[in-house]
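Below: the structure, in structure tokens.
Residue numbering begins at 1 within each chain, and the chains themselves are lettered A, B, C and D in the order written.
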Amino acid sequence: MRPRSSRRARAATLLALGAVVATGLHPSRAEERPDPAADLRAFQAHFRDRFPQLPIAEFANGPYAMDAGMRQQWEEIMQFPPYDFAVEEGKQAFETPFANGKRYADCFPEGGTGIRQTFPYFDTAAGEVVTLDLAINRCRERNGEKPLPYQTGLMASITAYMAETSRGKPFDIRIPDDKRALAAYEDGKRFFYSRRGQLNFSCASCHVQAAGQRLRGDVLAPALGILASFPIYRSEWGSMGTVDRRFTSCSAQTRSEPFAPQDPGYRNLEYFLSYMSNGVPIAGPGTRP
Amino acid sequence: MPDRHANPDAPADPARRAVLQLLAAAGLIALGTGRAAAAVPGWPEEAFRKTSQADALAALYGKPLEMSDKVTLQVPEIAENGAVVPVSVGTTLPNVTSVTLLVPENPNTLAASFKFGPGVAPAVSCRLKMAKTSPVIAVVESDGRLFGVSKEVKVTLGGCGG
Amino acid sequence: MPSTIRVRATASGERTEVQALVQHPMESGFVKDSNGQTIPPHYIEVLTFEHDGKVLLTAYWGPAVSKDPYVKFAFAGGKKGDELKVNWTDNLGKSDSLAAKIL
Amino acid sequence: MRRTWRRCALACAGMLLLAAGARAATEAEAGAALRAAEQQQAEAARLRNRWIPAEAALKAAREALRTRDYDRATELAGRAEALARRSVEQAREQETAWRDAVIR
């Protein structure tokens, strides 16, 4: 395994070197001004062209929109989805007051119902991207509660419940006209397209170039709409997982040391990916193989 | 009421790990000498221990199996994940008293067996684990005789997609 | 604490369709944890559904049934509002039960 | 079975060679190799692009040094350094190369 992968990495390194030379010939590219709206149009047009028969809402269903055999198994599983327990636990936690008598509902607009599609957002006061998961923990801390671990457990259950109240609402991510917001967006975009780890893969290698194809036993989900079903119950995990859990495992699969959950790098990536999916309706919580 | 299931992803605390280790040791002994704890009454312990289809069926029913196109088995051609393979069995045969599912390539062949009371439609669905590519065999007991059908399910290495 | 059992039983005409999901690890005893320790087998052995004092379905399960197991079947004779009793017992002697209404 | 034998034979031959000719690494050499690897890995960390196998080799090298297995520590540190170096190269290339992958 090792010699093969290092050979692959070396070959890729050579390729990447070639790319550096190529970029050198177009210095203008490196200094482009971020234009999220233009990026979004190109991104969605790419997937529309690749999968012309697929309505945009279907992109929320990832591999199940790509493969008939997988879709059938999914439909069987959705007859009684394994995330039901998490939604129930999340609803209960969401409705239970904190020790100080306040609730999650007090921390969010609309009492926290039907708002999943607006996360992450750029907090212009703090100058940073705020994901739903981060907002939940900040809500807890403001009310004297300990923050929850980010990858699974109660955090997944609460976000599962909040996603369920937002089903069908299209992603509605905004990028304010703020230099820091644009920088965060651009940082997420850079991460998405950068090759990382010993296997020399970027997010785009799997979820743009190879979207819809089989990689070992799995069908790769297209990047468009990929976060619309989160959090997810993955058969492979046998439990629920948040966006952080997915990013962490993606990093590890390319043999790149994952960032800590809610690292600004991951938050910016989520910001970019969610913005690219504007218009894809929330379908979370979801199930995945 | 059982304990809330511990999260497998969370690091076990030392006390819990010690208990797990103790249980693991007990489990190893149980593997060698038979089960440490008594099975739930009625649970076909011997059949569940068998590693071949013929032995499991012999322990469970003690009668021969014939293949029949009157038994329908719905399984995926390629399992999206070996941990969760949806399986549905149905039949047009009369007086069905039980349905049994076998996965010959699993460490223990017998996966599940369902006993039907009167008035229950002769069909059942559940989700099974499959260690690797294997036939899935559905056996229907009808009028005291055994009828079966077999279908292969491919289990590929997962761990990347989603 | 919420129940480990979720049941959906719906009557339409003569036929009542039952679906159940149980929260249970269904450990096979063949899996190792992150410390390399074998996770001991822990699985439901028997699951029963009762209606009107009669056992409808008895499931005998082993380690090859998936985590958080699911089962679906149908029977004749159930009416909306009837009670359906579900009970499971695992290899460690734990158990749980639930009485659900047919919808 | 046959592969196991072959591997065993190779290992034996290797040990003989070591015993006959190769000089064992000293503590100072192992320490130097480890510092070189740590330096590369620190640069990878600064570029936020550490590789899992580099980190694993580094950890194993530290452990070998602690148990005074200097040959092993030197070898592992060398491997860690090479991997960390490639991760640094990758990060520097990607600083500009990623733009070519952007959907336009």
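Methods note: a contact is a pair of C-beta atoms (placed from the backbone, for glycine too) under 8 Å apart; a residue touches a chain by one contact, two chains touch by 3 or more.
This is a predicted model, so every value here is computed, not measured.
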**Message:** So, comparing each chain's Cα centre against the centre of all protein Cα atoms, which one is closest?
**Reply:** A
**Fill in**
Between A-C and A-D, more C-beta pairs in contact link A-D
**Prompt:** Using CA atom averages as chain centres, what separation in Å is found between chain B and chain D?
**Reply:** 45
**Interchain centroid distance [CA atoms averaged], chain A/chain D, Å** = 33
**Message:** Roughly how far is chain A from chain B, centre to centre by C-alpha average, rounded to an integer in Å?
**Reply:** 35
**Prompt:** Hey, what residues on chain B touch two or more of the other chains?
**Reply:** 8, 83-85, 88, 125, 127
**Request:** Please set out, as single numbers or ranges, the residues of chain A touching at least two other chains.
**Result:** 235, 238
**Asked** For chain D, which residues are shared contacts with two or more other chains?
**Response** none
**Message:** So which chains actually touch one another? I want all the pairs, not just one.
**Reply:** A-B, A-C, A-D, B-C
**Request:** Spell out the part of chain C that touches chain B in their complex, as residue ranges.
**Result:** 1, 4, 15, 23-26, 28-30, 33-35, 37-41, 45-46, 54-67, 69-77, 89-96
**Message:** For a test of understanding, state which residues of chain B touch chain C in their complex under the given definition.
**Reply:** 1-5, 8, 11-12, 17, 20-21, 23-24, 26-28, 31, 35, 37, 39-40, 42-44, 48, 83-85, 88, 103, 106-108, 110-121, 123-131
**Prompt:** What residues of chain C sit close enough to touch chain A in their complex?
**Reply:** 2, 6, 8, 19-21, 23, 25, 66-68, 70, 72
**Message:** Touching residues of chain A toward chain C in the complex: what are they?
**Reply:** 79-80, 82, 84-85, 88-89, 92, 235, 238
**Residue numbers on chain D that touch chain A, as the complex places them** = 48-55, 83, 86-87, 89-90, 93-94, 96-104
